[in-house]
Amino acid sequence: MSISRFTTEKIAKYTIWISALLTLLVMVWILFQVLREGLPLITFNFLFDYPHEMGRKGGISPTIIGTMALTIIAIIVATPLGVGTAVYLREYTRESRVSRLIRFGTDCLAGVPSIIFGLFGFIFFVIFLGLGWSIISGGLTLAIMILPTIICTAEEAIKATPYSFREVSYALGGTRWQTTWKVVLPNSLPGIITGVLLGVGRSVGETAAIILTAGSSLLMPDSLFAPVRTMAVHFYILAREGISMEMAYATGAALIIMILLINSAANFLLHRYLKKLER
Amino acid sequence: MTKEKVLEKFLLFVALSSISILALIAFFIFIEGIPLIWKKGVFSFLCGERWYPSRGDFGILPMIVGSFLVTIGALIIGVPFGLACALFLGELTPPLIGMIFRPAIQLLAAIPSVIYGFWGLIVIVPLIREYLGGPGLSVLAGSLVLGIMILPTIISISEDSLRALPRSYKEGALSLGATHWQTIWRVLIPAAKSGIVASIILGMGRAIGETMAMIMILGNAVQMPESILSSARTLTTNIGIEMGYATGDHRQALFATGVILFLIIMLLNALALIISKKRVR
Amino acid sequence: MPFEGKILIQNFHFFYENTLALKNINLRIDEKQIFAILGPARSGKTTLLKSLNRLTDLIHGTRHTGNIFLDGQEIFDSSISLPELRRRVGMVFDLPTPLPLSIFENVAYGPRLKGQSQKNKLQEIVEAALKAAALWEEVKDRLNNSAFCLSGGQQQRLCIARVLALDPEVIMLDEPCSGLDPISTRAIEETLYELKKKYTIVIVPHNIQQASRIADRVAFFLGGELIEEGPVAQIFTKPQKKITEDYLSGKYG
């Protein structure tokens, strides 16, 4: 062999280090690109003004409201469904045909692309249920998109609760529901909230499904049944239709900041939760 | 006692929501899309090269090829880098750097696709146009950006598979005199093979399903892509672009595209699940 | 005394899946005494305890034959309310397991589950239970602190107080003093001595010496079988079986 195994080792290690660094670099590049141009443009007015001239001037306040409204609906619907599913899987059954079916459904749902959710949301919520392009259609569509994430993280959190807590509760005369509600769920709360925050992050960035279900109206929505544009959709339209690169940068920067904040909150919570587990 | 029974039944009902929603999605997509495929004929739909909705031509072969090329390209970029980063996290990094790198990868996963598309549009596309020719909005641009987008998927699942290996594998190899790299290459990676392959398949699923970023940088010409510098459409971008104004047969054709997409993704998911269930010997 | 004794175990076999863990147990436990269950590891002692309050129901794949009577009533009868049974037959585990709540809320947990929600009533119950467990003086000023602030011995007494708050009839303790220092152990043993005036106490002692210190009657288990049983003095000085004698003199264990 011409190359000694130690040289191979060196080459391999350098390659891996370089790859990792390149990956890091690209990520920083992407974020930096948008933030550098966009951050300076984020002013108080930008956040609170209405858009003018199709978004060429003015602010993005309706889109911020839209983003928040859709996300809130998604969370309100998906969290009870997701936590309930996790509770059932962990506290009320063992591995069985039913539990395998539920997990299969959840795994598959997690793999469905957003455009398919968009198609479904359109034909089911907008057309079939007659809800029209609206906050409610978009929010419900988002809810089913983030459901698998919440089920997964809630299940992990519930699984991490020590068995001894449950045993003590039963030994003191607790029923299954009492044990779940008074011991398991409070103990799993940080993990569940982390999952919810992950869902929020996904909702904020989602575009394909939203355009097809919540519409793209720039007007400030006046009810749950009004159409609305989210920040991500606004960003997409500004960039693709070439309406205003400046505004696109600013909107993109606002989007990134929002996601960075949500991610940091989730990470912070996760750390506190892991530290608590060490006891 | 009965309150407990009622609660249990209620929770079962809630827990069945995920599978029910999946069934609902499949049902509605299929109901809207299958009639069109039936009407036009499966062969002419899947293998037709012409997509002219106004003339009633609904051949999605160019889109299938577009999806295929972009996905393969993404894998060519994403898999080596992804594996390298997974190895980096698992084997090479001192804990301090790991604490920075891991959240960085999470952040990569959290960036919305529209941001990736935007970056691709203002950075990658002009670069390709300048140095390699063509419109810049191309399969190559799509592959590059998509490759970056699927990195978190490949990294996290591969790293999990490597981490799940018993320590004795590594310790045994090292104690037999193997170098670190030899241990990784000859022992750890083959042992984690099924997990790594599963991560690749899931990355593929992610790539095929991507819409927004691809709309922004692929150029969206409805043609059979001739080279990696050509503009193209994927199954997803086709739906994303035209759904806003499609009616009648046209709309149904887009749902039919959705049917094909859904089937492909379910197939890939099932494959990944089967492979990852295989025991590591 | 209804039927025979407080607890009567008749022809009791217990299976984990296909493994026989308890074989043909026949035992009677009378009230207001300390009944110790001795034996080397893996003799079925914990399984027996957990059968008495049907905590074994929580484990999948378990089954039994035979009967266990509490005050003459079969506890495996389908009409028995499990929460009610477990309140009557309380259990203290070998490792102190406070719930992630305050000291007050730990003790109030059981009564709350039962439906008691009046603030002053709960305060009464908690104070009485902590006094009976000889813990009140040490914690009365910091009832709202986390239960994890207590030492190991205090936590274990908290677990006893938790059970007492439900006013049980039987208190079971599974190696309650393992991991505790001699002073805490002594405190708990003295508490049990007081408690036996009111409750039936079934204890798996931490070691043989503890049994000789506090028990009234002793049962010796080996490999899932009851070898022999009798008053503590008789078992320790004149055991009937050789293997009992060998265990008690430390020849194996």
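Letters A, B and C name the chains as they come in the text, with residue numbers starting at 1 for each one.
By our rule, contacts are C-beta pairs under 8 Å (C-beta built on N, C-alpha and C of every residue); 3 or more make two chains touch, one makes a residue touch a chain.
Every value quoted in this text rests on a predicted model; they were computed, and no experiment measured them.
Asks: Report which interface contains more C-beta contacts, comparing A-B against A-C.
Replies: The greater number of contacts lies at A-B.
Asks: Which one of the chains is farthest from chain A, going by Cα centres?
Replies: Farthest chain from chain A, going by C-alpha centroids: C.
Asks: Averaging the CA atoms per chain, pick out the one whose centre lands closest to the mean of every protein CA shown.
Replies: A
Asks: Go ahead and note the Å separation of the Cα centroids belonging to chain B and chain C.
Replies: Between these chains, centre-to-centre, one finds 57 Å.
Asks: Taking each chain's centre as its mean C-alpha position, how far apart are chain A and chain B in Å?
Replies: Roughly 18 Å, centre to centre.
Asks: Taking the mean of the CA coordinates per chain, how far is chain A from chain C in Å?
Replies: 48
Asks: Give me the residue numbers in chain A that touch at least two other chains, ranges are fine.
Replies: 175, in rising order.
Asks: Which residues of chain C touch chain A in the complex?
Replies: Per the stated touch rule, the residues are 53, 55, 58, 60, 82-84, 86-87, 90-91, 93, 95, 97, 99-100, 109-110, 112-114, 148, 159, 162-163, 166.
Asks: Show me the residue ranges of chain A that touch chain B in the complex, using the header's touch definition.
Replies: Where chain A meets chain B, its residues are 5-6, 8-9, 12-13, 15-17, 19-20, 22-24, 26-27, 29-31, 33-34, 80-81, 84-85, 87-89, 92, 98, 101-102, 104-109, 111-120, 122-124, 128, 144, 147-148, 151, 175-177, 201, 204-208, 211-212, 232, 235-236, 239-240, 248, 252, 255-256, 259-260, 262-263, 267.
Asks: Would you mind writing out the residues of chain A in touch with chain C in their complex?
Replies: So the residues of chain A in touch with chain C come to 94, 164-175, 178, 182-183, 186-187, 279.
Asks: Given the complex with chain A, which residues does chain B contribute to the contact?
Replies: Checking each residue of chain B against chain A gives 3-4, 7-8, 11-12, 14-22, 24-25, 28-29, 32, 80-81, 84-85, 87-88, 92-93, 101, 103-108, 110-119, 121-123, 148, 151, 179-182, 184-185, 202, 205, 208-212, 215-216, 236, 239-240, 243-244, 254-255, 258, 261-262, 265-266, 268-269, 273.
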